[in-house]
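Going in written order, the chains are labelled A, B, C, D, E and F, and every chain counts its residues from 1.
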Amino acid sequence: MKLVIKVTGKYFDDEGDKSLLPRAVRGLVERGNRVAVVTGGGSTARKYISMGRSLGLNEASLDLMGIWVSRLNAFLVAMALNDLAYGRVPESLEQFIEYWSQGKVVVTGGFQPGQSTAAVAALVAEATVADYLVIATTVEGVYDSDPRLNPEAKLLPRVTTAELKRILETSQSVKAGTYELLDPMAMKIVERSRIRVLVTNVNRLDRLTDVIKGSGIASIVEPV
Amino acid sequence: MKLVIKVTGKYFDDEGDKSLLPRAVRGLVERGNRVAVVTGGGSTARKYISMGRSLGLNEASLDLMGIWVSRLNAFLVAMALNDLAYGRVPESLEQFIEYWSQGKVVVTGGFQPGQSTAAVAALVAEATVADYLVIATTVEGVYDSDPRLNPEAKLLPRVTTAELKRILETSQSVKAGTYELLDPMAMKIVERSRIRVLVTNVNRLDRLTDVIKGSGIASIVEPV
Amino acid sequence: MKLVIKVTGKYFDDEGDKSLLPRAVRGLVERGNRVAVVTGGGSTARKYISMGRSLGLNEASLDLMGIWVSRLNAFLVAMALNDLAYGRVPESLEQFIEYWSQGKVVVTGGFQPGQSTAAVAALVAEATVADYLVIATTVEGVYDSDPRLNPEAKLLPRVTTAELKRILETSQSVKAGTYELLDPMAMKIVERSRIRVLVTNVNRLDRLTDVIKGSGIASIVEPV
Amino acid sequence: MKLVIKVTGKYFDDEGDKSLLPRAVRGLVERGNRVAVVTGGGSTARKYISMGRSLGLNEASLDLMGIWVSRLNAFLVAMALNDLAYGRVPESLEQFIEYWSQGKVVVTGGFQPGQSTAAVAALVAEATVADYLVIATTVEGVYDSDPRLNPEAKLLPRVTTAELKRILETSQSVKAGTYELLDPMAMKIVERSRIRVLVTNVNRLDRLTDVIKGSGIASIVEPV
Amino acid sequence: MKLVIKVTGKYFDDEGDKSLLPRAVRGLVERGNRVAVVTGGGSTARKYISMGRSLGLNEASLDLMGIWVSRLNAFLVAMALNDLAYGRVPESLEQFIEYWSQGKVVVTGGFQPGQSTAAVAALVAEATVADYLVIATTVEGVYDSDPRLNPEAKLLPRVTTAELKRILETSQSVKAGTYELLDPMAMKIVERSRIRVLVTNVNRLDRLTDVIKGSGIASIVEPV
Amino acid sequence: MKLVIKVTGKYFDDEGDKSLLPRAVRGLVERGNRVAVVTGGGSTARKYISMGRSLGLNEASLDLMGIWVSRLNAFLVAMALNDLAYGRVPESLEQFIEYWSQGKVVVTGGFQPGQSTAAVAALVAEATVADYLVIATTVEGVYDSDPRLNPEAKLLPRVTTAELKRILETSQSVKAGTYELLDPMAMKIVERSRIRVLVTNVNRLDRLTDVIKGSGIASIVEPV
């Protein structure tokens, strides 16, 4: 099975034990899966973006600050995976494809300003013809409204991309194109290549095969 | 003045005289402007995408075929500009920024699957803090409906991004995210950095300063 | 067995079914052979060279236009070969050697102005110490005169490089250094490393092992 | 005058106003100096090294984590310098030399595990034949003992490398080869190329020409 | 077992038979070891450094001359190892890590001015978590004084890094930081990562497993 | 004026004073010319080729050994030219074009196996549309027979490429395609782009403008 795992940048926010992710990936590889990992930027990214903003950087350069931090997180994971992973972080999909062709786990951060690491993960899933794109985030899956704002929000075990778009548009900030979980570009890729998306909590990564089999808490997003 | 000019890939479709573009750029540089050029893929891109599709390539790889062709067009323009242009075509915004810092015209094609060369041009305009993003296309500007389908379509000298989105959504194919002129990512960049966009016919490039001054046929798209 | 297959750029001229080549390579790899593929530029190369010429480009830059197109063809083949091929097209023999050392099929286009893709293929055959350099072209092999011009031309099952040079010089255009099939640099490489060359029709590639065993229509060129 | 300025990583620790450094560099360039900047890693580097350590990374990989963070800081400064700086951060002295040859400010972080960014700065000063290597740090200059530990420490306006070595060895932690300000490799480079070193507080960078002229608080380290 | 072998540049001084090293490496790989090789520069390096000095090059550039020659030696060895080795010489530890992750022998020369190839070898041993760093030199191991100067020097089968430092400081030139065998940076890396070092004659490389088992002439350097 | 100067590798054979070449280039640049330099490999190249041959390397790899040495010579010259030259040696014509576009002297060695550095110089002259390709060699120009073998050989102030080919073929070794001064590929480039070639002694480089004006000993090769 080919799996692309997009890990929230928040996973790298504190200095606590970070072994869950490399351990989970190792387990998946040992059970015969091919795995790509995409890491977000988290609070360090936000710190550098805020410094850049106060220095008057343009939006593209600010995005690049965040991308560099996400690559730093990717590099940390690649080094922790040791001989299992390709020893460099790709900086574009073309480099990803080159590294991936050599049979190892490839860990990547952001690729380019103007898009989220979820979009990167969708591109990677498309280019590898992955069986699943796993969004490992801070909540348990997709809810009918933002669970951070609404404690009554209900987890949806199954949701279509069309429904998800509607939920995100209503539950989130008005500013179009900035909604969370899956940004418009990620959504577009998922739809055009009919990628199966699984949203789950990053802490559940060590039981990912269960989650994929359907016996764990998560949401399946179906492209329509 | 800093100008980013996005040239339709259709400019490269036939083998006719191609000197208009390099001549126009040379003129702009000689009058003290800094210029970046972004080239589309055109019919050769479509030919390779169609070959790739019949070979079963995934969507990301198909996009890469088109990107390579757009870079071929970029390289042709760079070579024609001679000592005025940086002697290599950047393959990412990071490379663009590196090359641009050296003071020459930089000519670029596509950067990455999942986005149009209009999005590339918007990113480039953002990263260079350009005064204008010029969309040099096959029609005279933005119309109230698709001029190819509706001969009665009326040219709009001024239009907001919000209006443009509405027009494109109604006048074009239902498939979200594929509408022409400015795709959603380009639109998002234009809005977040409040980039002034000018849509005009590629044949008018030799009178671009007139067009910018307002005395030529074109449309101004205002970010809101 | 190690095989270098040079495929005529004309293979990519029309948009018809292109699956013969990847299928043939897959078959050869599955039977335990190591394979490198070199692709020509074809009519798209000629189109770009003609555009470049009308823009006043120098000969080296024109050659680069053709080289870029041959790399586009190479990339198409690499993507179609999927997990069998190295995921990037080398741009020099040094890069070829690097990629080749990783055990995959490597697909390459042109390397450098001033030489044909046949010369590239000869260099690749030399660097890999290949068992055969297969020239997969539009005719059935080497003839005693140009079969396009002379319908009476006789296919030669065996020919020495010395004889081939004499035939090409007499059967072809006077302009030295531009004769087809094997240019002087390719010829020189073939001779200095005593590479066994097999000229056959590109349509016969799916029966290449038969051709190599001698039971298919083809010409063997013997270095002397 | 050619100046290499090594900025303490601590400059980037908090999110406060960071405009002092780019403003100072801009001033120096406008007065006709050529400037290279080397940035340290600071607390973010330490955060990533600590995460890496808990993941069992080897020392070389840990150093690489710190190097990546120092490059992030370098990139921030380069983007803030805008058109004054080369638009990419070099990753080795060879790349530094390439970028430097193009006439812009070059901003660099760490180069390689096993050495401090002070060693990088010394190498850069050597390769550019700089007039001064400025160590912009958190204290006012070189003291006769560590000013952080000893509030009575006396600032030394002039000190030889031999004296500095003796001071650092006695005033600092026993673990050889880890002493601060100038590590042994930096010291060796400074001595072999007789580089003039100026240690001053990072906050004084906007008055650097005064400091160089001798009218500011700082220490001169003389190679012997 | 993972082995890093640092070969004296003097191995490449004359044009005699050079097959010992590739043969030894091949033997080690065939017995299941992973091997990295680091080559010195030798007399050709000294020739180029001397030419550079007479041209007025700075010390960093002179070091780069030597590094290039050591890479030339590395490339020779890589080509001789053929399909066993990665087909390119890394130019930094980051590149080394990338190439090493692909499972082949990696052959490297120098990385950076200001450090010896022994320091490179120590870094490589650290980054690969090698079982042994083998210093294959022109003498039989570590002596209690320089065997070139003192014919009475006694070979030390076991020596600590602390003792070695003392010996090198007394037996060698006063100029700190230039002593042979292991320079201060190499020493520091060996100590901080507690790398087991084995010093032996380059001619003994074909019996390296014996030497490692303790039944050959060599010195073990123990990090303390 | 644009000048490409191809310097014999023998210039770098001994360790004597090498300042003539950088001084001559500096002089030319100061008088407003743009200059590219191409360096040969010389005796060090031959040494490495001979070592490689005894190790069983293939011809392409042997050529690469020589190419690396020619790049070493190029790097030495680039470093000696200091701020006048681009700070890296290009490894292909595409890189040359990129570096050249930035306005500095570019110094290059070999590009690719199977061709001489004279061919590199011809390609560079073609790509830069140079006014003269200067072959700075060990003899005074083109003779009617090999001056090393025939002390009666007469210097030819003017010779066509056709005559030169005939002379080289009769006066030199039978093995086609290996004749010196200008190999077939260099000759072909010179002819197709009608490059003016000037053959002169490397020691005359400091009077190159005189030689170009016709008042120095040299031969002009006219393309026909």
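Going forward, a contact is a pair of C-beta atoms (placed from the backbone, for glycine too) under 8 Å apart; a residue touches a chain by one contact, two chains touch by 3 or more.
Just so we're clear, the structure is a prediction, and the values are computed from it rather than from any experiment.
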Chains shared as neighbours by chain B and chain E? A, C, D, F
Per Cα centroids, the chain farthest from chain E: B
Rounded to the nearest 5 degrees, how far is chain A rotated relative to chain E when their C-alpha atoms are superposed? 120
Most widely separated chain from chain D, with each centre as the mean of CA atoms: C
Listed pair (D-E, D-F or A-E) duplicating the A-B contact set, over half by residue number: D-E
Same or different residue numbers at the chain D/chain E copy interface, by half rule: same
I'd like the Å distance between the centres of chain A and chain D, where a centre is the mean of that chain's Cα atoms. 36
Using mean CA coordinates as chain centres, what's the gap between chain C and chain D in Å? 54
Report the inter-chain centroid distance for chain A and chain C in whole angstrom, where each centroid is the mean of the CA atoms. 43
Using the touch rule from the top of the page, what residues of chain D touch 2 or more other chains? 61, 64, 94, 97, 102
Sort the chain contact graph into one of these: line, ring, star, complete or other. other
Can you name every pair of chains that touch? A-B, A-C, A-D, A-E, B-C, B-D, B-F, C-E, C-F, D-E, D-F, E-F
Any idea which chain C residues touch chain F in the complex? 58-61, 64, 91-94, 97, 111-115, 119, 122-123, 126-127, 129, 176-177, 184-185, 187-189, 191-193
Residue numbers on chain B that touch chain D, as the complex places them: 94, 97-102
Which of the residues in chain A come into contact with chain E in the complex? 83, 85-88, 102, 104
Chain C to chain B touching residues, read off their complex: 12, 15, 17-19, 22, 44, 47-48, 50-52, 54-57, 61, 64-65, 68-69, 71-72, 75-76, 79-80
